[in-house]
Amino acid sequence: MGGSVPRRRRVAVLGAAGFAGALTARLLYRHACFELTALTARTDIGRRLDELYPHHRVPLTLEELDLDRHASALDAAVVAYPHGASGPLVAALHERDVKVVDLSADFRLRDRDLYEQWYREHPAPGLLGKAVYGLPERYREQIREASLVANPGCYPTAALLALGPLARAGLLGDVVIDAKSGVSGAGRAATDKTHFVSADENVNAYSVPRHRHTPEIEQELAAMGATLRVTFTAHLVPLDQGELVSCYVTMRDGDGRDLEALYADAYRREPFVELSAAPPGVRDVRETNICRISVHRDARTGRVIVFGAIDNLWKGAASQAVQNLNLMFGCGEGEGIA
Amino acid sequence: MGGSVPRRRRVAVLGAAGFAGALTARLLYRHACFELTALTARTDIGRRLDELYPHHRVPLTLEELDLDRHASALDAAVVAYPHGASGPLVAALHERDVKVVDLSADFRLRDRDLYEQWYREHPAPGLLGKAVYGLPERYREQIREASLVANPGCYPTAALLALGPLARAGLLGDVVIDAKSGVSGAGRAATDKTHFVSADENVNAYSVPRHRHTPEIEQELAAMGATLRVTFTAHLVPLDQGELVSCYVTMRDGDGRDLEALYADAYRREPFVELSAAPPGVRDVRETNICRISVHRDARTGRVIVFGAIDNLWKGAASQAVQNLNLMFGCGEGEGIA
Amino acid sequence: MGGSVPRRRRVAVLGAAGFAGALTARLLYRHACFELTALTARTDIGRRLDELYPHHRVPLTLEELDLDRHASALDAAVVAYPHGASGPLVAALHERDVKVVDLSADFRLRDRDLYEQWYREHPAPGLLGKAVYGLPERYREQIREASLVANPGCYPTAALLALGPLARAGLLGDVVIDAKSGVSGAGRAATDKTHFVSADENVNAYSVPRHRHTPEIEQELAAMGATLRVTFTAHLVPLDQGELVSCYVTMRDGDGRDLEALYADAYRREPFVELSAAPPGVRDVRETNICRISVHRDARTGRVIVFGAIDNLWKGAASQAVQNLNLMFGCGEGEGIA
Amino acid sequence: MGGSVPRRRRVAVLGAAGFAGALTARLLYRHACFELTALTARTDIGRRLDELYPHHRVPLTLEELDLDRHASALDAAVVAYPHGASGPLVAALHERDVKVVDLSADFRLRDRDLYEQWYREHPAPGLLGKAVYGLPERYREQIREASLVANPGCYPTAALLALGPLARAGLLGDVVIDAKSGVSGAGRAATDKTHFVSADENVNAYSVPRHRHTPEIEQELAAMGATLRVTFTAHLVPLDQGELVSCYVTMRDGDGRDLEALYADAYRREPFVELSAAPPGVRDVRETNICRISVHRDARTGRVIVFGAIDNLWKGAASQAVQNLNLMFGCGEGEGIA
């Protein structure tokens, strides 16, 4: 005669006015396991989210954060603040026993010095030991137990899924990663760079040669056994959502390896990784939580080329955050995002 | 042997940091009749224009305006300020005997009350009687003699060229104008609306139902003998430069008229108006001073449909300003823009 | 305990290689009430749909149609053939007691002469009396009982939803409809017109002045009491999915009417019509079954302007077909498309 | 008292219906040194070029090739045929003493075996020794004397200009080239791949891992002293014209070298190479013959990253062909393309 229906967990999105926060709100607003109880923001206070983003159809109003009031009513929060601003808020939530998925970079790098070398003074170093890196395909079990999950950067998500099987097999000698991202990756801020007339009919690289996602990729490759310095360059392309990483790998042994089999084995049970014979297009994964990967060997040069395509706002941010929340609260991993 | 080479006239662009001003600078920088001696701006002082707009390749630096110094060295100026801000500057230049082409709306409407009804208090009403409306296809002779030319709005340029032959022939009964413009028409300001992610994969109308170009179109149609109220609506489409007006005309008599002949007669000698049998695309006139027009009669409804395509930054702003300067200084009308 | 679970109905998409057919397949492949048992096509036989359209993720293979075999195993079919080709197939399915939603124009016009005047010799005139026009907001009850539903054209869908309240209230005097559609509306055929380089950075009108959706709009407005000839023009804009109709209405009386109230009353209970104060953008309805509408009165001219935005492949084709199937088989109207 | 005016040379474009041929026709139609006397094509015979490409404004009609008649009236021809088809035509023109710039790949590779390994049986091997590789920045003097110039591929043009200074300085150890091209690079053929709906909102790699421009790049790097196998991958991005190569160089010595100075020295006198501190965007070179280059050293990895941006239809094809013609006939190198 049926057990009791599990209570839906109360969750808020803090920083819901930006692209990733707003999409997270959309996904949680219709979620079987979560009740979206509040949206806070640092701009646009008092406006309804469906006024800012009609297509998300979330009829909730953006509020100013009232930490005590909000935290007391929450089981979990997704924080979508810029790096540096996120850390103190995450710490405050942690103190109040609110589980957090943090979309910023503040807890992705386990080493404080490394963070400070690439970003700024760390805003909450005491929490670094608590955070789990939120790439479910890699840390699924730890995420289930975590109270703080650092949601990966969009480029590291695609790059690590593309390179993981080679790294874990000890085959990764050296790698150049050339990434292309849609303009939503640059965030909601209206700037010369995100102006339609700048981005349209254009392609160019940015943050050369020190993009901040580089140490994040290196940290996680090292954790898989591949300690190396990667060359990583990001480009802006004229599309709204979508990201492709093209990874050029100099192999370490591995001449005889069947790479298709290696990847098939690695991802056989992964619900959100898809292998393809042809190079994936970002259109293939638009508005999904899927990473689509193809691997190719260039017999002439010995190089292996791996492509990974994701939607930077979904698997690269919001839907991966929900995937992590699902794991943290024992909900089906694909609930609300499949 | 031979006559003396005419001196190139000294010209400046005031307000050269925006899209229209910058393009005007590009066209004047390589012009046989003009020497571009200064660029001023209200933002980006000290930056070179080719840093802001590499593709224009104008290696001049944006300066702060020093009215006395700048004006004393000029034969002419193109003013690319917003409406309201333009008027006082134009008046000051006029006093100093500098000929002006003004890209703003401040001197387009001959009637002060009408201006104030649609815009704001008029900033320089004393000059209204001096200004010539800068549509060369209509006021060529007056422009040659003018010291102040009010460069038309982009939508009025296309609409008046599309509707002019019908208006002058007394055939214009009523008209609905549905316009589509690329995002450069919204200006260089980075806003939610001009953000790539807002404009991409989108079409929507704006300033409904009172777009400020409406009275300008009505004024000039009335000057051609067609006194009527027009319905005008503008839409933003996801492209950078280009503008199409689709004009739906309820005819006043004219059932038997050969419209192709009417238009061919009207534009036979116009170097920058092109007639086409098929509906023009904005791509057909990209980066040109040309307005491309087609006229169609719908036998079922009796309506006549006229399409006019221009590049909003060229014929809709900068190249038409140069066309006007050419006329004002006795240079070939197409010099530097053909 | 409880009642038996209702059998899922067996359905096929015939003509699944094109954009609308393929999207219909995607929606039906994951549908609670239907089992997608076959996909047939006239090209690409033997290829899997997820090879042609990876983002739809339908792992079924396109087969050649074997009418007897396929029909015998079906409760319903969605036919996505071109007009003229569709009629005979629909007739054959009808004879075999397979319920049909037809995406072509063959059964939209109730008058054979009208069809033949705008299209060609009618391929199956005997069925004209059986077909119900598949606009649920207008013919919901008839669709529930229908065995043949003629899915509306994309432009008529948006135009009729935008103009319906005015037409039924007797307020529609005259109307100009200016429509803008994304390139998917031109179909999957690779042509000069659908080539990226033709459509990008372009806007132009096509099928001027006799677009075939005109009589369909007129027929349905007349059925609502507004017998008039409409001026309808379609434009191609550089985006993939989305369609906006801008309707310029000369009113018949109605000066004092509260139009917001009229529209709110008309659509209060409609799950897939959304009213908005600001002009809708096509991005607001991308990948939804929703039509988003705003209505504006221009006090100067007395004209009323109504905008309607849909996704041409969804509400303009595939998801509306599924909405119709849902009604025909007693499934929840929004099942699989909300 | 004045020398005689030099006769304008008679030139034809053979294969003028495609993108590159049509643009070449536009550039030659208004050229001071050349008279464009004929356009031939293999499709669209009898149509005017300004019907196919209104924006080029070339009012000439496409004719079927009549070799004897056409050749007898020509000083030069630009051949824009596909590889394989071009060779025999070029040979026939050569026999008739018509100088040729060939846009195909047929005479780019000096080694017949190499050509046959990457393409097909060579159509005119006897001419291989006559052809000069048409990269003026590299072979200017040979081009002046040439009767047959093989116009470089678009990717090799950008890659060789980007890598040339490193190669000639003996610094090029290994290189990965990741290229992004607008859709015009795929040619005028309407295919699934060039359909707007495929290319829009998409990025993907193609011809992996054996793109045919690879041996052309290797041949020319070897000629500069850098014998190595390059990893080259091309991607399609959603824009019409423009191409960016991102070159990841493993250096061979060169730690202390001032790379900015190296590039400045290399290109000081080149009219069509532009150096920039920031990574170039393809928008910066749209509709120009310019290659814009930036060079960056990544201190962490030791890698050097060089970006090169061109317009694939201009410097990557048509305007470079005109640059070559200018050199072959003693006209100013930038005539008609600056």
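Note that the chains are named A, B, C and D in the order they appear, and that numbering of residues resets to 1 at the start of each chain.
By our rule, contacts are C-beta pairs under 8 Å (C-beta built on N, C-alpha and C of every residue); 3 or more make two chains touch, one makes a residue touch a chain.
Since we're looking at a predicted model, the values are computed, not measured.
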| item | value |
| --- | --- |
| Third chains touching both chain D and chain C | A, B |
| Chain whose Cα centroid lies at the greatest distance from that of chain D | C |
| Whole-Å separation of chain centres (CA-atom averages), chain B against chain D | 37 |
| CA centroid of chain B to CA centroid of chain C, Å | 40 |
| Chain D residues counted as touching two or more neighbouring chains | 198, 200-201, 238-240, 280-281, 283, 286 |
| Residues of chain D defined as touching chain C within the complex | 19, 183-184, 188, 190-192, 194-201, 238-240 |
| Residue ranges of chain C in contact with chain B within the complex | 176, 178, 180, 182, 198, 200-206, 208-210, 214, 229-231, 233, 235, 237-242, 244, 246, 248, 279-283, 286, 296-301, 303, 305, 307, 309 |
| Chain C to chain A touching residues, read off their complex | 54-55, 201, 276, 280-281, 283-288, 292 |
